[in-house]
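Look for chain A in each of the two complexes below; its partner is chain B in the first and chain C in the second.
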Partner chain A sequence: MTLETLLQVAAGGLLMGLIYALVAAGLSLIFGLMDVVNFAHGELMMLAMYAVFVIWDATGLDPLWQLPVVAGLLFLTGMAIYRGLIARALSVPFNRGMVQIFVTFGLAIFIRGAAQFVWGGEFRAVNHTWLSDRSLNLGGVFLPLPQLAASAVCLAAFAGLLAISRTEFGRALEATREDRDAVALIGIDRDRIFAMGWGLGAGAVGIAGVMLAGFYYVGPNVGASFALIAYVTVALGGFGSMAGALVAGVLIGEVEAFTAVVLEPSLKQIGVFAVYLLVLMFRPRGLFGKL
Partner chain B sequence: MDNFILARRRRELMVAGALLVVAVVVPRFIADVTTLNVIILSLLFAGLAQAWNILGGYCGQISLGHALYFGIGAYVSTLLYVHAGLPPSAGIFLGGVVGGIAALLVGWPCFRLSGHYYAIATVVVGEIGYLLFLNWDYVGGATGVYIPIAKPSLLNLQFGKDKLPYLYLVLAFAAATWIAAWLIEGSRWGYAWRAVKDDVVAARSLGVNIFSSKMAAAAISGFFTGLGGAIYGLYVGYIDPDSVMAGHFSILIALPAVLGGVGTLWGPILGAALLIPVKELSSSYLGGSGRGVDLMLYGAMIVVVALAQPQGLVLLFRRRAHGPA
Partner chain C sequence: MDRRQFIIGAGMLAASTTAARAADEVVIGVVYPLTGNGAAVGLDAKAAYEVAAEIINGTHAPIGVAMGKGGGLDRLGGAKIKLVFADSQNDPQKARAEAERLITQEKAVAIVGSYTSATGATISQVTERYEVPYISADNSSPSLNQRGLKWFFRTGPHDEMFTKGMFDFLADVAKKTGKPAKSVALFYEDSIFGTDSSNVQRKLAAAAGITVAADIRYRASSPSLSTEAQKLKAANADVLLPSSYTSDAILILKAMNEIGYKPKAVLAQAAGFQESAFMQGAGALAEGVMSRSSFALDADKLRPAIPVVNGLYKAHNNKDMNDNTSREITALLTLADAINRAGSAKPDAIRAALVATDIPGSQTIMPWAGVKFDETGQNTLCNPVIQQVFDGVYKTVWPFDLAAKDVVWNVGG
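Then we have the complex of A and B:
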């Protein structure tokens, strides 16, 4: 392998890894806040991608301009899911852990069915965007602009999540995470914080979905494979850790890219899973999880 | 053991015996192939969910990777038949044994993990198995393996177009898993496992070996799941990674137990009796056009049952039997 190919593969891994990181960040945020693993996370990303397709198809508006609109829509969707389902799932008297797994899982199947109902099973693609078919040449390493823009936006979204954590709301979020019962005593509305957490988590995966739609096909099952990677990312980084999601996302992107070259593309996820299991042998709560 | 528990266990055995008689007699009067098919699949998943329940319900280890043992059972039995000529009547048990060994191999590293970390690790292990089988030419890769059609016989466990023998085969399977769970409930193991599920620290302080409890539960659960997978392979006559090892099988195996009631004897049966017919009938009547209505119905049902009956459907019966709690 020449140095140029090496750099090319590494760059591809980094660009994809940053997207994985943002998808995982939304999942990790919700988990850290209330111990809920959202098994419909990939389906939220799929909804964002369809939203981009529908708006683009109807108006021709470039995905980049749609970013605030679709992220906002996903934020509201996340809040609605919390109010409609998750709040109920958290208040059941028995088997709370299992109920939340299967409520979000059932929701995932429902959303997938609904997408198939509305848009059919075939793949769609958002072609001819402002960025498509353009790439940046960095000394022989080609970086396709849609991917580059996607990872830049994902990094910015990460910075945004960190900035939020420093605001008054962020501190309330942190306090709720520390002790969900005690916060009521100091006048924090736990339910509102949880709903906002779901909004932010869904918004984050929505942003990733919008950028992904610029260069990836859209179909009812597109969320499933990304969601699996996201669970692995979150577990590898440590549940609830934002830094962990970022590091693990990039690591997974790189491992995937190199496995695809060294072994073969159809085995690229095996490398990811093997690294994940190996790390968990030594750090059962992930790289950044509290031991 | 006090008398109350003994009396309850005897009553459970009698109810199971009565149900068995009904399940043997009633299908003799059903001629419709679709109905028989739904009954066969319901019984199969009742058994599989019971197998899952032994690890997930009694021992509290939420595995979302049971498709691996299911698929391994199907592959072992099928390949031994195709390549070595071993009759499936023996092959299905070897499929179960290898399924149990696989569960031990998965459990050995994974039981160090707890909660969500364990659940996600099982998803990943299942996915690795799926990808390996998909890329492994000896086992047929993505093309899969056909089970050669033989003369109908008990030795080959092939019965041609006749569905009734298959129905009795899966009925025997479901009954065996139920008996296993019933025996476990009353045994020292059963108490130890439930202690592991409820409170690991307390269980350890009472001298329960946590790791070997989980491993024993995994081996039994993996054995029955592999056995079920081998029987399923025979029934459908063709296996490939998508039809026996895909991740959604893991959920389908766990779901009846969860909806019916985890860690209960009747939960997996009740759950399968509701879930599988709804799933099968909705996909054959609504799914044909590829419009996704069947998935919406299926998903909505999971959400509604999980929220409305968090302890499972068995509670509906328990309330009636003992009055309001």
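Then we have the complex of A and C:
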């Protein structure tokens, strides 16, 4: 294998890894905040991708310009899901854990079915965007612009999440995570914090979806393969840890890319899960998990 | 009405509908992925079967295909074909369960299916056990008819026939242009379809003296195919031979383009590459891609029924027939022809009639010599064609006497 191939594979792994990281960040945020695994996370990403496709198809507006609009839409969707479903599921007096699992799982299947009903089972793609089909050639190593832009936006989104955690709201979020019953005593509206947390989580995966739509196909099942990776990323990085999601996402992207080179492409998930099992053996709460 | 009356009433109603069905309807089970990753193909298939049923059952001017005169099955007193669709979700186990349900609950006398070869394999096990015919319209794995099954019939070509066609094309194009393909890159998904396809390609490449420069098995529906694309670029074979379903087909073209690689020639084992969704998803990247096909929409001079049937299909599903949908229509017409000749809806009689099937090519919408099954249940008369994308549309380029366009061949130039 030449150096050029090596660098190209590493670059491909990094670019994909950052997308994995941002998808996982939203999942991790929600889980860390309220111990709910959102099984509909991949479907939220799929909705964002369809939103991009629909707006692009109707107006020709470039996905990059749609970023704030679609992220905002997903933020509202996340809040609505919390208010409409999760808050109710959390208030059941029995078997709360199972109810939470089934409610988000059911939601995932519902969204997927609804997407197929509305847009059909066809694969779509957003073609001819400002960035599409353009690559940066660094001495034989190609960096596709849509993916570079996606990586930059992912890093910016992480910076944004970090900035939010420094604000008053971020401290309330952290306090709610630490002890959800105690915060009520000091006048923090727990329900509002949870709703905002869902909004942020959905917004983050929405941003990932928008950037992905620029270079990926769109279909009702597009979220599923990303969601599986996202669950592994969250568990590997440590539940609730943003830095963990970032590191684990990139790690998974690289391990996946290099397993495909060293073994064979059909076995690339083996590398991912091998690393995952290995880390969990020594750090059961993930790389950055708090004990 | 008290509860007992209701139950009796409901029972009588159920009995009367079953009786009515037995008299003038022949139930055929149709198993396809109607949700999930294969839904795009499955929903088109559903439309195709509905059109075929309309050709068989409806009243219309005679169409130049088997069972094309309409009005139902005349030797069964004009009985109508009734289709019952089941969703396999592209999962072999669900396909097996649904096939069983169709036979035992819905009383289907035959099953038609099922797009992916992995589901075709499990469905045909069920039909063998219950002794009803399985008509494979579009499962193309060569191993399917090599399992000694008595109730398996495949109207379309399998990948060995397809692949032989692809290598015959490579030989012919080398003769025509003086620029032979010296190496190929195999790129195939890791289920039964891709694996079987690659096995045949490896064998035929060796026989033709063509080097296999890359042999890449990849995981179907992976989020990313960028490493795979990098391997293909490093090998830079004369011809890339992909065996992929739709989402992977779109993704690999995008991934190769992203790293600045344009293969000299792409010759696909159809599947995803023949889907309209592929054309939309891949956009300009699809230009010049070649694919084998069992169908040639532009062969209307040879087969005047094509525009008629395509018109019906287009009115129903708002798109043209393709490689898959044409084979699906042909499968149901062939089955209906057998049921009609059997003069009975008993599986035994249908099977005997299927074995005796002999439909000339002129009575189909396919560019084939006809439909005639060998002892393994494989149609031996279905020769494939090679098509190439010109401005977003597949045009037939081989066999040269059927060609609508001259092939664009960039190898060795």
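In this text, the second predicted complex is superposed on the first by the 291 of 291 C-alpha atoms of A that agree within 3 Å, B and C clash if a C-alpha of one lies under 4 Å from a C-alpha of the other, contacts with A are read in each partner's own complex, and residues count from 1 in each chain.
As a convention for this text, a residue touches a chain if its C-beta (ideal position, glycine included) is under 8 Å from a C-beta of that chain, and two chains touch if they have at least 3 such contacts.
All values derive from a computational prediction rather than experimental measurement.
Novice: Evaluate whether chain B and chain C can sit on chain A together after superposition, giving fit or clash.
Specialist: clash
Novice: One more residue to check, A:F273. First (chain B), second (chain C), both or neither?
Specialist: After superposing on A, A:F273 lies in contact with chain B but is clear of chain C.
Novice: Which partner does A:G121 reach: the first (chain B), the second (chain C), both, or neither?
Specialist: Both partners, chain B and chain C.
Novice: Is A:P284 touching anything from chain B or chain C once the two structures are fitted on A? First, second, both or neither.
Specialist: Touch status of A:P284: first partner only.
Novice: In the superposed arrangement, which partner chain does A:T167 touch: chain B (first), chain C (second), both, or neither?
Specialist: So A:T167 meets neither chain B nor chain C here.
Novice: Looking at the overlay, what does A:F102 touch: chain B (first), chain C (second), both, or neither?
Specialist: first
Novice: If you stack the two complexes on chain A, which partner ends up touching A:Q147: first (chain B), second (chain C), both, or neither?
Specialist: In the superposition, A:Q147 contacts chain C only.
Novice: What is the contact status of A:A235 with respect to chain B (first) and chain C (second): first, second, both, or neither?
Specialist: It touches chain B, and chain C stays clear.
Novice: Is A:F94 touching the first partner chain B, the second partner chain C, both, or neither of them?
Specialist: first
Novice: Who does A:P220 touch here: chain B (first), chain C (second), both, or neither?
Specialist: both
Novice: Do any residues of chain A touch both chain B and chain C, and if so, which are they?
Specialist: On chain A, the residues that contact chain B in one structure and chain C in the other are 112-113, 116, 120-121, 220, 264, 266-267, 269.
Novice: Would you tell me which residues of chain B are touching chain A in their complex?
Specialist: Within the complex, chain B touches chain A at residues 62, 109, 112-117, 119-121, 123-125, 127-128, 131-132, 134-135, 247, 251, 255, 258-259, 262, 290-303, 306-307, 310-312.
Novice: Write out the stretch or stretches of chain A touching chain B in their complex.
Specialist: The touching residues are 31, 37, 85, 88-89, 92-99, 101-103, 105-117, 120-121, 220, 228, 231-232, 234-235, 239, 264, 266-267, 269-270, 273-274, 276-277, 280-281, 284-286.
Novice: Which residues of chain C touch chain A in the complex?
Specialist: Per the touch definition, chain C meets chain A at residues 35-37, 39-43, 190, 216-219, 221-228, 230-231, 234, 246-247, 250-251, 254, 257-260, 275-278, 280-285.
Novice: Would you pull the chain A residues touching chain C in the complex into a rising list?
Specialist: Residue list for chain A touching chain C: 2, 5, 8-9, 12-13, 15-16, 20, 112-113, 116, 120-125, 127-128, 133, 135, 137, 142, 144, 146-147, 215-217, 219-222, 225-226, 229, 256-258, 260-261, 264-269.
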